[in-house]
């Protein structure tokens, strides 16, 4: 099976509201699969179900052939799921370096040790330095995360997710709020990242989506209304209507 | 059989008291997101004020009114002076400040009334008993307490489900930020809800005062049982407070009444007595453990 | 760094000299008071590990303090009576056995409570830890074999090979060494891999879960470690006072531990010890003048919460201008 992620018939309702309605999609290895749709289409709910923060009412999620539908979020990470957050979620009291260190340490294990010194784990900190060295964040390594600019936080989240060495990376609007230059840097970073993992990309920035995605799935009111290559989606009348309708309103 | 029924009613009466306390506590948490350890102190304030006035005037009803007024005023003052500064703080500060309030309330009460318990008499109307089943006379006052508790439950149901304040209360329990953003007079609402919670605690205190000894520390004991009620019922749920309050009140009473005797069937008297008392005083906590195993957020937890 | 070591050594020496100072000035009660303050400091420091470093507001910490104490009391009771606990475990008065036993048993109690209460968070967690502590309180009140609500006397302090434990100064030094060792342990713990993960969970639990950390397991482990520390403190206290009673685990005691942590400064190593020393001396001093000493303590606490952030440690830091 070459699907890294396989979602079948995923349904989630909140009271009377159906947030995801029988959604199926797959992400192949080495692929960037974009998930687009107007606000309130259920994209974030879908991401949170894949991560395990919300449990679906029906359907199945398979990661690398393993059924993860009922697993806890942390156990999914252990099976190769990495993510970033729509609203960045970092350890605000710590520096950039310490945040990355935490990500590497979490993956490296040995975290129930109570007599070692976390600051002396050479393997962890070597890897942190290595991943910082290729990044614009290198000069900001000792800055507390709370003092970072928005774009820098987005970059740090991506670095942390990559240091998990995931097989599938879930990116929840990585371009949101970025300036033109920063967006371009993020696109380059994602192009580099795809060599190591498959990516499911939720994004509003259509330029970025068409620049990156191999395949696109369109979600409207919790339903998949179209799926296919960038060309197919551009030409699809339903998609045009959904988006034009959105703009009219 | 008759004994069983009598104990059930006693349990109901205790359960109603727990409900009155838990309803206020859970409302205060649900709307303001604040934990108030000093809720038991407000119960004590109501009991002391009620008992003192009823001893001075000879009228239970004068005591009732004064007890309610005293606890509501105390609650409102606490909200205006202290709680208001704590809403935006973390739970730790709330715990510490309200723990400090317990110390202050308890010691002030000792300074004013001394350590001797106050005893009050029943109102004449309810001093007798009625035969509710053939061969079972039951004190009318306890029936009155049950009736008042149930009436409050109905009143709270109507308040929460049928009024604008209730709508804010329901919205506040699940979407606190939203209610704040809507710009309703949130300060006034908070003070009113805290005052209402204090009033209910005071009502529980006054109602209990002819049955129990009114003394310092009475609030500390019952507030712990109230926490168990709130946790089992689901934090923020008045319905949960009602169901869990009555259920725990009855279970606790039944265990205390019958467990030692039951154990005496299988083991020697004094040991059975000690073990029975031990287990029954742990009973509600064990029940909380069981509920937490299956429903970590309580039986009627608000969605969120 | 150098300065920290020098400070630690200086404080240790000063504390070790207390029995001599007491003898010299004739203030024999000093040994007793400082010893108790040190033990309370250990209990508060153990609470501070989950509270300050881990962000878990446990309001039932006195339960583990009391359970640790009762292990010493119950083992001594059976030792003196020549009977066995539950007919299986013989009693003992050997400190090298009673202290580890106290640590293990209080750790098990903490595991039980933690496993249930950590399934929730926030306000529920506070109420649940408080309620379970009260459950243990009632349990020991109902144990008539071990004195019920009157508690249990330990007529002689546990023995340690080669030491005369009846000598108050010797016992004091044993307590001091335990407190110092515990301080060093905690210092190590917060810098360890595990300590870092716990600090991360306090800051952002969701983020740590997204990094693959099963936060429940880590929090439970921290909760158990912390309960063990409180158990050790309780066991020392019973040796020191030769008395164990349910009052050790009353919920107002849990509140006092929390006050000590706050007074000294949340999430600092020395803070809980300083807070314990300050609160305990305030209590002892006020108790000389009025039986209502809890009133000023309550008002003081309220003022500290409403006005001062960071406790006494931040004050000391501001005055000395030093780092950690």
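The letters A, B and C name the chains in turn, as written, and every chain counts its residues from 1.
We take it that a residue touches a chain if its C-beta (ideal position, glycine included) is under 8 Å from a C-beta of that chain, and two chains touch if they have at least 3 such contacts.
Quick caveat: nothing in here was measured; it's all calculated off a predicted structure.
Looking at the partners of subunit B and subunit C together, they share no chain. With respect to subunit B, maximal separation of chain centres occurs for A (centres as means of Cα atoms). Remark: the per-chain Cα centre closest to the mean position of all protein Cα atoms belongs to C.
With each centre defined as the average position of its C-alpha atoms, the distance from subunit B to subunit C rounds to 32 Å.
Subunit A and subunit B have Cα centroids separated by 48 Å.
Annotation: 44 Å between the Cα-based centres of subunit A and subunit C. The part of subunit B that touches subunit C in the complex is made up of residues 29, 35, 82, 85, 91-93, 95-97, 99-104, 106-108, 110-111, 220, 224, 227-228, 230-231, 235, 270, 274-275, 277-279, 281-282, 285-286, 288-289, 292-293, 296-298. On the side of subunit C, the complex with subunit A involves touching residues 188-189, 191-197, 200, 203-204, 206-215, 218, 221, 225.
Residues 51, 53, 72-75, 77-78, 83, 85, 89-94, 101-103, 105-107, 110-119, 121, 160, 164 of subunit A are the ones that touch subunit C when the two sit in their complex. Residues of subunit C that touch subunit B in their complex: 51, 57, 59, 116-117, 119-120, 122-124, 126-128, 130-132, 134-135, 138-139, 141-144, 251-252, 255, 258-259, 262, 266, 292, 294-295, 297-299, 301-302, 305-306.
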